[in-house]
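Letters A, B, C, D, E and F mark the chains as written, and numbering starts fresh at 1 in each.
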């Protein structure tokens, strides 16, 4: 039976200072393995549609005829199954989540394969932009 | 194989007797579950004693009425309420009978309802 | 004339993050009657097997509950593997054990925090959750998710932990264990904690057994029942004894969980030492046919998955009996005669996972 | 303006799997400490400014979500946390799930994640603060407008 | 002197008239006229005789003889009742008393001269005001009440003529008690009040009433016996039958009769070993409870204790008296917490407050007596108001349970307002009871801090049970029907007058104190306590504040405030509408809320038994010390 | 001469009242802010800014007014008015007993506010508030009694100017007062009726149904109350104003420690322990003092 047995802990906290990660002032370090938003190297995509077929939440739509790959970020559950099944390994996973949105439409991300010949920005840069 | 699991088929009338046998042998009720197989409904009563896992399998027709085992195992009321709500199994004498207000599903007896039922039936009670 | 209050407890109530509703009938502050009402989280995911491929269904199984999500995925995989007769590589089994125990530690620490919150000990709550973040960091570094691990699949696991990382984890765990001990000592010794938990919600061993309770609730009443003893995953090769307490009250349940934290940390150490090299998954083809009851010891107790398959890609029946579902009757029993202030404590020492109950 | 500095939240788990709930609570604990921004988890709709909903809504919980929303005083903001809350997620095909939170109440901020990380939740709530300020202005405008209308009506009646 | 005699004789005459007239409307008219006359009489007395004590001779052999005859007749009646209902303790006490009386009258009386039979001092004027004004209004109220009472209780015999006969007879006896100087006269009136009380308690004539009536009778007869013994002793040994001379002489011979009379006072004012009769007496019709069992008859007990206390001053008996009072206050306040019957709460609170008065009397310093008199005044007004409100509610709701009074403010707003005033008057600043409690506390600290500690604990308990009752009444719920449309004007008048009096006595209390109480205290002690002027100002500020803020704020909320949105109560989000929620098993339930009774801490049985044992011990000590 | 001495010796009571009415909420709010900051640090967090309580209150003033019934806010207004009045009475140097009675009056209005709403959580909060009031009331009265025994007066100004160290005469009373101070400051383990953070069985207890402006008034009322309670601590050390101020701060810090090292007690233990402490320390101190001061 102890009284004030918490004193040791609170004293320790008081002297060691707060252990808070000061997000968003300080950027959070994410583990390389962290699962995050899905990106695509659209140039490598063959629009096989396997990812959209396998996606547990139906977040992905692939239009082969229009050469479009679309993801609804508010449906993606970051399971990484699409990345796993992609035959061309053109899908990739960032180690942080997609940003919050105030409008549902903002979360729908469309990638369109350019007609052959034009150069596209690398995937990473695009992700940064978002 | 991780463990041995035995399953004994049991009739509707012997159910209470067999369950009370298990009870007197010191088995604990692990779970009761229901499977809808089209024209029949299969109910499993699972028991466990010292990590020995034993099952009773009761097969009934939809709409058939069975006895509640909650008189023997009080805690069975939760499983039985679940069965009667999700599968429409009629169970007599549940000690705490929620009368279909256990989960309050959007679709009445969803596990036996067909696809078309689900769409048409808003199921509001 | 009656002097009875009728109070709705929940579904939205700050003491429980999850919705459960109780009609509390009280006199002064003593609970005379408590009738639970659930269904606020009922999704009906068991029926989803009819729409989803049995291999894809792992993702759904993992999301039955966000606290022991790994265990749910693991139990599901185990059930299907047993039905299909797949031999899972040893290393995968060990990895599953490590992750399972990690999630037990984080779950118990979370529970300790919530319990502290329930009896109004805010600084203790904060401390527990601070420590829990350490465990979550390990989990995130190894699986890529804080809550949903997503690393189990039928036939093995999806990710590997290499030897050095494993060693680092064990070392880090030892460090955290020392800090955890400072905090858990408060639970074990503090007067005010004992005042709130001792002799509250007492349940005898016989009664707990008769009500079919599982997990810490049953073990706190003196019954040594731990589904890990069945010997799934790597547990058959590890040395441990179920943690048992005798007194059956809220404090006993608290003590069981406190001791299990250290037991789990020890088990992770053992697993790390014994872990063999090799493959982490086998390729799975075909469709399952048959039925099996798969049992796993979750932080809250024994979970049972029933899988019935008839040789198609979709399972015929998938049924989950979660530990909280089995503990629900015990909770109702214990609430009778408690005081309003004890209600959160009793509900929490059952460690209810409502999303588990209702699926 | 003080709304930005003192947003109080209420959290309700509509049908979440728990994952987002514990992350919401985790973001209040030392590692993330939402109280830095003056945020308190009130647990009481009548004190709250921000309604944090996790999980999709189902047959039973949609009425609860509506009740809580109705009991919150204006200005108020709804933050849907997690994929289930935003779209129904992996459970959207289940028989008892009605869909995302926006099927019942208007949602202002959608926080993705399965389960949403505390960082995302912090981002979401910070985003909600601006909306809260905007709402206050709208609310005031509406109030003065209503008052003017009422006065007009009264004058009209008096002249009658 | 004429006024005094008028006040004593007139109600008795009215009572006989009321008994004999069979026409209801005529009776009512007479009653109203009689009440006006009584009130006028008391006020005339106030203006005519306030100041120094005035004593009157009223030598008349026939009065003595008439009294003796009446007394013996009454005793025989009690004997008859005792034998008929097989209450042999009553028979025993009566016989003993009769024997004592006859012995005394036969042998000792010629030797004792009585110079002054009647007197008037400020204290008796205060009591006369209480009896005259409050008593009259209660009688008015009773006209309306008894109508409904008989409508509700069809089974009981309609004896209302007899009822009013007793009420007015009782008033007469009360005036007799406060104006008599001759102990034998006091005793005569004393016994009449006992019998009135007995007959009024058993008015309903069911088993419970008869049982309670006999319980009251037994205890009061026991007190009466002690009184008679005291008189005999005083007559034989002290050689006087005059109250003032007995007190003034003091000394050893005065102590024993004083202690015996104080004992009788304890029984009459239901102090602890005797408290059970008062709680049982609550079966009587409510005006009876208001008149006899809260504002007047029980006050006769404390009146006589205050009167004889100076004779006991400095002895251990006085200390015991104060401890009995303190104990009674503490125990009765605690027990009141666990009671849910409104009249029982009122009864226990009455016992508690009388306990305070007795404690003050036991202490006997000028401050203590000052606060004791204040307590009597404030308590009489507020408590009779409370009783009458409860009586009204009882007729409307057919229940005396506090738990059935939820939302009363919506159903009976005016009665509730009166009741809130009454409750506030009982314990809340700035109302009277608080002022007197404050004075009492000061008196206690100087005397013995133990008493102050008792007061601290007791008033904490008081706070609890009054506030929770008040909370119950003011709980608001919409959509209820107003049920006070059919309250008779008789009842309304009384409630209104008493409500204003509760506030009024508080506002005029400085006047009351300086005009009536202080002169009396100065006469007794030579010095007088007075409150700090600053504090009086503060109290008046609070009072004024309440009297202005309350109506203004109420009006604001009722009519002016439009800028709000109404939502349902917080029911965990499970609301169906504002007060109902969707409960388990699919049922819609209403959130039902009740008060706490803390039965584990304050169970009536346990506390009463402890209190009883201690009090018996203290009483034995009190009498024993005196005798030795 | 410290500001406090200056304040005590100020003759103009109107000025005194104005100083109190203006300064008390500022002090009380700052105290609450520091309290929250220190509590957060004790829990290993950064915590809100010091001025957070003010932000909260200002925010509450601009919220929509939602009510359950039209009259629910009525009692809160009365609570607030009488709380300010009580504090003024104390700092004007009025009668200590009267201050206590006025404090009770304010408390009763607060409890009645809870009763009037007809909401279950409010109601339980109100009942518990009453139990708390019943628990601490005897001790608070005994504080006045003890001070009267030593100084021979109930006047606060006279007690404040009393030369002797009251704390040495009244150590038991002081300990008892510390015990009930935890209740009055609504700190764990006695925060039964309501607490700042809602993690309890009663949602927000008494204040569940009060929002917006009314909630802000409750908050500010409590700031006034806290300043008054600290003022009573000061009286124990009034012989030296530096010591008095130090004692107030140290004891407030001590209350924060208590707050962070205890679980919430149940009402039974709260009630029992408080009455026991009152009897063991307060009453015993007073009785011993009585006999010691007898000639």
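Heads up, the rule we're going with is that a residue touches a chain if its C-beta (ideal position, glycine included) is under 8 Å from a C-beta of that chain, and two chains touch if they have at least 3 such contacts.
Note that the structure is predicted; figures quoted are calculated from it, not measured.
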item: Partner chains shared by subunit B and subunit C (touch criterion as defined above); value: D, E
item: Interchain contact steps from subunit A to subunit B (minimum; 1 if touching); value: 2
item: Two chains sharing the most contacts, counting C-beta pairs only; value: E-F
item: Remotest chain, subunit B as reference, centres from CA atoms; value: E
item: Subunit A and subunit D: spacing of chain centres that average the CA atoms, whole Å; value: 24
item: Centre-to-centre distance between subunit E and subunit C (centres being mean Cα positions), rounded to whole Å; value: 65
item: Interchain centroid distance [CA atoms averaged], subunit D/subunit F, Å; value: 35
item: Centre distance in Å when subunit B and subunit F are each reduced to the mean of their C-alpha atoms; value: 58
item: Multi-chain contact sites of subunit D, meaning residues that touch two or more partners; value: 12, 29-31, 33, 36, 41-46, 58-60, 64, 68, 71, 73, 89-90, 95-96, 114, 117
item: Numbers and ranges of subunit F residues touching at least 2 other chains; value: 40, 42-47, 64-66, 120-121, 123-124, 197-199, 203, 208-209, 260-262, 268
item: Sequence positions of subunit A contacting 2 or more other chains; value: 5-6, 10, 13, 18-20, 22, 56, 77-79
item: All pairs of touching chains, each written as two labels joined by a dash; value: A-C, A-D, A-F, B-C, B-D, B-E, C-D, C-E, C-F, D-E, D-F, E-F
item: Touch list for subunit A against partner subunit D, complex; value: 18-24, 28, 37, 56-58, 72-79, 96-102, 104, 107
item: Complex contacts: residues of subunit C adjacent to subunit B; value: 35, 37-39, 42, 44, 46-47, 78, 82, 209-213, 227, 229-232, 292-295, 302, 304, 306, 308, 316-317, 319, 321, 325-326, 328-330, 358
item: Residues of subunit E that touch subunit D when the two form their complex; value: 563, 565, 567-568, 570, 573-575, 582
item: Touch list for subunit F against partner subunit E, complex; value: 64-74, 77-78, 81-82, 85, 89, 94-95, 97-98, 101-102, 104-105, 108, 111-112, 114-124, 126-127, 130-131, 133-135, 137-139, 141-142, 145, 148-149, 154, 203, 208-209, 268, 271, 275, 278-279, 283, 286-287, 289-290
item: Residues of subunit B that touch subunit E when the two form their complex; value: 98-101, 104, 125
